[in-house]
Amino acid sequence: MTPGLEVSGGETMLFWVLAPLMVLAALGLLFVRRAVHAAMCLVFVMISLAIMYVAQEAPFLGVVQVVVYTGAVMMLFLFVLMLVGVDASDSLTETIKGQRWIGVLLGLGFAVVLTGVVAQATFQSPVGLESANAVTNPVALARVLFGDYVLAMEAVGVLLVTAATGALVLTHRRQLTTRRTQRTTADARVRALTEGVSLTPLPAPGVYAQNNAMDTPALDPAGRPVPESVPRVLRIRGQERSVTALLDAEAAIVGTDTSGDAVGPPAGLPAGQDPDSTPTLPAREA
Amino acid sequence: MFPWLTALIAWPLVAAAVTAASGRSRSGAPSPRLVALVGALVEVGLLVAAFVQFDTSRAAEHQLGQTVPWIPQIGASYAVGVDGVGLLLVALSVGLVPLVILAAWREQGGDTLRLRRYLVLILVLEAFMVAVFSARDVFLFYVLFEAMLIPAYFMIGAFGQGPQRRYAAVKFLIFSLTGGLVMLAAVIALYFQVPVDAQGQRSDQAFLTENLTGLGLDPTVERLIFLGFFLAFAIKAPLFPVHTWLPDVAENAPVGTSTLLICVLDKVGTFGMLTLCLPLFPGASQWAAPVIVVLAVISVIYGAVMAIGQDDLLRLIGYTSVSHFGFIILGIFTFVPLGVAGSGFMMLNHGLATGALFLVAGFLIARHPARSQLIADYGGLRTVTPVLAGAFLVAGLATLSLPGLATFASEIMVLIGAYGGSPVAALVAIVGVVLAAVYVLLTYQRIFTGAPAAGLETLPDLTGRERLVAAPLVVALLVLGLVPQLALTYVDAPADQSVVAVLENEGSEQ
Amino acid sequence: MEITNYAVLACILFAIGATTVLLRRNAIVVFMGVELMLNATNLAFVTFARVHGDVTGQVLAFFVMVVAAAEVVVGLAIIVTIFRTRRSASVDDVNLLKG
Amino acid sequence: MENVIGLAPWLVGFPLLGAAVLLLGGRATDRWGHWLGVAASTAAAVTGFVLLFAMISTPAEERVVDHHLWTWLSAGGLDVDLGVRLDPLSMTFVMLVTFVGTLIHVYSVAYMAHDPHRRRFFAYLNLFVAAMLTLVLADSYLLLFVGWEGVGLASYLLIGFWDHKRPNAVAAKKAFVMNRVGDMGLIAAMALIFANVGSVQFADVLPAAAGELSGVGASTATWTAVALCLLLAACGKSAQFPLQAWLGDAMAGPTPVSALIHAATMVTAGVYLMVRSAPILEAAPTAQLVVVCVGAVTLIFGAVVGCAKDDIKKALAASTMSQIGYMMLAAGLGPVGYGFAIFHLLTHGFFKAGLFLGAGSVMHGMDDEVDMRRFGGLSRFLPVTWITMGLGWLAILGVFPFSGFWSKDGIIETAFVPVDGQPWRAWLFGSVALVGAAITAFYMSRLFFMTFGGQRRWDDDHHPHESPALMTVPMIILAIGSVALGGLLAVGGTFTTWLEPVTGHAEHGEPVIPFWPLVILTHVLVIGAALLAFRQYAVSRVPVTAPRGSLLTRAARRDLFQDATNETLVMLPGQVLTRSLVYGDKAVVDGGWLGLGATVTQVGEKVRGMQNGYARSYAAMILTGVLVIAGVAGIAAAVSQ
């Protein structure tokens, strides 16, 4: 090892523990199906990086890394994912001819070449930041930042403001049509009646003695489950629970025969709903 | 000293701006065409003043100009100034523009807005043309050389009357750009041939032509750079076999555009050969002269034969220009003072003669019920429209270089001069004289003689406005024919200088 | 351990990020790949700041972070806008550049 | 002389001014325009007379005067003055052109009285005269060329005067183009002269050719080339073989035009050029021989064609061709010949103008009928025309003592003089001239007898009548000239002496046949031929439709296949060339460029496939680039270590 700087044993251990995990997590970006999972992998990589920064005598950056990246950027990612990607499950099948092989080859080749070049290069002996950080790392950074790079600093500030404004402008939707008032909505519903759309709101999910959740369908007066009562997202994901399973579970707990002499409306029918007036609606997509 | 040329360059731009702002909805505002015409006439006034200021006893020197640093880092300056030849070509540009505007008075379907745009483009082009003929800085010359394409492109593609105007515009643009870009490479290469001073810097006026003259280039380098320049000029000129854009443009562009484009703008090609190729690359010019002379002679004969075989009147005129440009190039590259002076003079005369021919042909076509350009659709118009026929005949006779008209003096100078440099080429080129008679008179015969064609028996004769367009050109052709010395005093000294540059180089090499 | 190991790690992370951009179709994941690449360069910056004993490298990493933040804001806004009109977050569905 | 030389430019100026006023004045000048034309021509003629008397009163050695007007062209070593050279030769032409020209002007006032475009006609006539005067007064080849082409232009305009009939326009174009072919020769000659002498002024060139200037000059070969080029030019303008084909068609113009072209202007220009360039010819003996040959061939050619034509104007045209052939022949014979060439030109100008005006008068009386087979017996109806044409006929036959005798016999005699001691040339060209005279006598008599003799062959709807005085007076004046001019000028060699300042003095050589026997022989032949014609066309019946005739007759009717030859040798190949070049320009030249463009486009199409619009593909390309650069950098670093 060169004389200037000795990497401590603790740091070495830290590196060898974190580095493989980071690579694995990064590879997760490539292989997991769900975007949310990919985001979590990335969060892991970023936090590990923050730790490494701290270990590499850059405590300020480490903190900023956590705050900005994991705190702000990745949260932004998750918000957007919630906005757009809930039901957009990402298929991993390739559509561009040959892109997968090209990608893999390029990635590997890139890794090999870069690593090769970096590993081959002879660097000067590491100096370490002991002297530079003598006034503590944030102060040292601040001196450079507000000294040599003050102009760039200003520019970056402007950039941030611009970016924020830009994001606002980009996502802003102009009111192209007349404003939808309660009245227009009501009128539209009445008009849509002929197309078989319900005048009333969709039925709420079922309420059962044992189970009162979004994923359970309500039952109509005839005791048949109403699938529309379950939120669309859950239906698409296949996360709704079947009524039969529910009733069986309830029966198991109550210990009564459900298939026997039940005369009245089954338990769990929402109160105040007239069984006869509830039509069986066709599935509504929108 | 008042910078006359800068004024001449700037004024059309001002006029263009005013024209663009005129005639907007307010009923009291002057019509754009009137504004444009007045602007162009004021420019003519400026030109007259410039002529008065020009000292003919120093015609070989650049005058009336100024030099201002432009991009000193690369040695480019805004340097303008004209010698006699440049002044004549500036005069040609400035003189033709009002006529073209007047000729376009009722063109573009009488649509004021459309016409306004057209006139603005004409004035902008005028500024560029004046500038390019007065540029004394190679870089500035190049920039203007390319900038001229922009208005010209729109003047063909957006305002043309032919069915293939867009095709023609694109073809023109691509041909010109190809040449221009090769020239750019040559310009850059030339810059690096300028010697550096002790600090490794080049002069911040490195691109001035006088700083590029007599560099004593390595022959191979010189030849390559020369070819770069020459290709651009040959395409512009146009020389066989890179002439094919010209007939398409002539056929499809409005006649006013063709007039400015072929009669003035294309002169940049021959002007460049004369004022850049010869002084800057004397050795290479001599090296390439045999091939160029052969191409020029081919152009002369080929253009004439092609003109004979055309059915489309405007296309025919386009090919006649190919023939005439052949003469001009022949005169330049035989390196005889007489021939070079003839070429310089011919650049002016060709503009007058072909301009007249184009404009009169435009009047003719505008009269046809279907605006047909096909010669076969006409006939017997001499009895119907005698003045039009007369104007066409005079323009045609000028095209065939009838003695007594200016074109004759220049053509005979080129031929006699070229004989001194290359007898065989001159003798072959003389055949072009006969062919010129054939294409002009054949066309006149087909359009104006015989019994009037069906549907054309009652065409109106030239109106006062149209006579006003044709008259100055005819008068200029006659006056310069009787007293060619009026123009030759401007041409003689620069021509001599160019030839001396080439011959001195030859002397120093031996 | 040699300090260049950090650099090697940065290279590997960068390559993985690049591969992500090439292979994934979900625009958000592609974006994550970009972020990964930026992070990898930051690691390299920090490492070399240590090698040279000069905090300027860290300052640059800081700038990268700021710019990345700005970029993410705009980039995600674009993704949202595109999603609104196209109902898709796949980068392959946006091929207006096709020649 | 010096005090009146300033008038010389006005010789050109008057008619030019007249033409300008008439052309620019438009319809406003319709009413008096023709009289302005006559006035302009008359003014020129009067000026000519003034100058003539001034010249006569000047000693012979001072008769060559150069008058400088202004510097016309001065560039690159070529200095050409716009100036006038007045000497006996140009003076002769000035008088011929202005005097005969004026008579034709006067004649035209009546002849064209019913044409709505008479003003335009007079403008062109004035232009014609102005151009011809420019030609003969020029003091340099370049200025001569201006007049030379100006004559071509004027003839173009006049031949095509009635161009609402397409054939007339075609004939006009043919004349101009064939003239241009000749003009090529003049341009080439000027180029050669300038390259060798450094000037095109007569004052420099002619002494140089004569070898009078030390240091300036050229080899015999060069002068031969110059002379041949000049001959080409002369052939074009003077309708000499092989550029004679336009002359017959030129009859499409109104008859006064034909008179002007054939008598006073245009066709005589070639002879003028030859005589003017005499020193050059003499410096090139080979060229002289060629000139003689061309003259001889044309002489016979025209005569043969003349025998077969039934169109009165075309017969006269053929006769002109033949007569100009005589002049060319003479011009090739050296100093003595020049005098006779010009002399014959002068007398020919009078009698040919008279003949043409007479023919015009006949047509005028016969409702523009030109077919001689439909004339006959007209002498009773057109007595003045009959008499004046009869005098002209006798003159052209060369019968003693009419004008033609003095000039033509001179040529025949000169042709019989051996050159350079080569008797074969004397015998050959002498006999050709002699035979030509006989044929001339035959066809001119044929023309005369078919028109005025024999029985009437015209229909009843023709009412032949004598022309008005405006037409007959010029004819009478010309007839007087035809009778007397030759004798007046020939007595004591007046005319030859007159020309000596230009042509130089030369002693007559001895002809191989002595003078008097030759005159008698000529007369026997001429009168014999005339009697033959009399028997055939006045005594016996002339069929109204032309008989099929012998092979030679049929060939002669078709101008000895001159048009067919031109069409086969020049026009057809030209058309094929034009068509193939037009096709080739589109297919090969433009096609080549378009093909190049298409290739680029196709390559672009292929490359365009890479632009699939997928951002990921682009990213892959970027990465590839980075990889390549990084790889190269890495390898380079590894190698350099």
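Going in written order, the chains are labelled A, B, C and D, and every chain counts its residues from 1.
As a working rule, a contact is a pair of C-beta atoms (placed from the backbone, for glycine too) under 8 Å apart; a residue touches a chain by one contact, two chains touch by 3 or more.
The shown structure was predicted, so the numbers you read here are calculated from the model rather than taken from an experiment.
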**Q.** Chain with minimal offset from the mean of all protein Cα atoms
**A.** B
Q) Based on the averaged CA atom positions, which chain is farthest from chain B? A) A
Q) What whole-number Å value describes the gap between the mean CA coordinates of chain A and chain C? A) 18
Q) What is the distance, in whole Å, between the centres of chain A and chain D, each centre taken as the mean of its C-alpha atoms? A) 102
Q) Where the CA atoms of chain B average out and where those of chain D average out, how many Å apart are those spots? A) 37
Q: Averaging only over C-alpha atoms, locate the centres of chain C and chain D and give their separation in whole Å.
A: 91
Q.
Please output the residue numbers of chain C that touch at least 2 other chains, ranges allowed.
A. 18, 22-23, 25, 92
Q.
Can you list every residue of chain A that touches 2 or more other chains, as numbers and ranges?
A. 96, 99, 102-103, 106, 110, 114
Q) Which chain D residues reach two or more other chains? A) 612, 614, 616, 620, 623
**Q.** Every chain pair meeting the contact rule
**A.** A-C, A-D, B-D, C-D
Q. Which residues, counting only chain B, touch chain D once they are in their complex?
A. 174-175, 240-244, 302, 305-306, 308-310, 336-342, 345, 380, 382-383, 390, 397, 402-404, 408-409, 412-413, 415-420, 423, 426-427, 430-431, 433-434, 437-438, 441-442, 444-445, 448-452, 482-485, 488, 491-492, 495-496
Q | Interface residues, chain A side, partner chain D - complex | A | 96, 99, 102-103, 106, 109-110, 113-114, 116-117, 120-121
Q: Spell out the part of chain D that touches chain A in their complex, as residue ranges.
A: 612, 614, 616-617, 620, 623-624, 626-627, 630-631, 633-634, 637-638
Q | Of all residues in chain A, those that touch chain C in their complex | A | 1, 4-5, 7, 11-12, 15-16, 19, 22-23, 26-27, 29-30, 35, 38-39, 42, 45-46, 49, 52-53, 56-58, 60-61, 64-65, 68-69, 72-73, 76-77, 80-81, 83-85, 88, 90-91, 94-96, 99-100, 102-104, 106-108, 110-111, 114-115, 118-119, 123-124, 126-133, 137, 140-141, 144-145, 148-149, 152, 156, 159-160, 162-164, 166-168, 170-171, 173
Q | Touch list for chain D against partner chain B, complex | A | 23, 70-78, 82, 142, 145-150, 153, 156, 160, 163-166, 168-170, 172-173, 176-177, 180-181, 183-184, 187-188, 190-192, 194-195, 577-579, 581-582, 585, 589-590, 592-593, 597
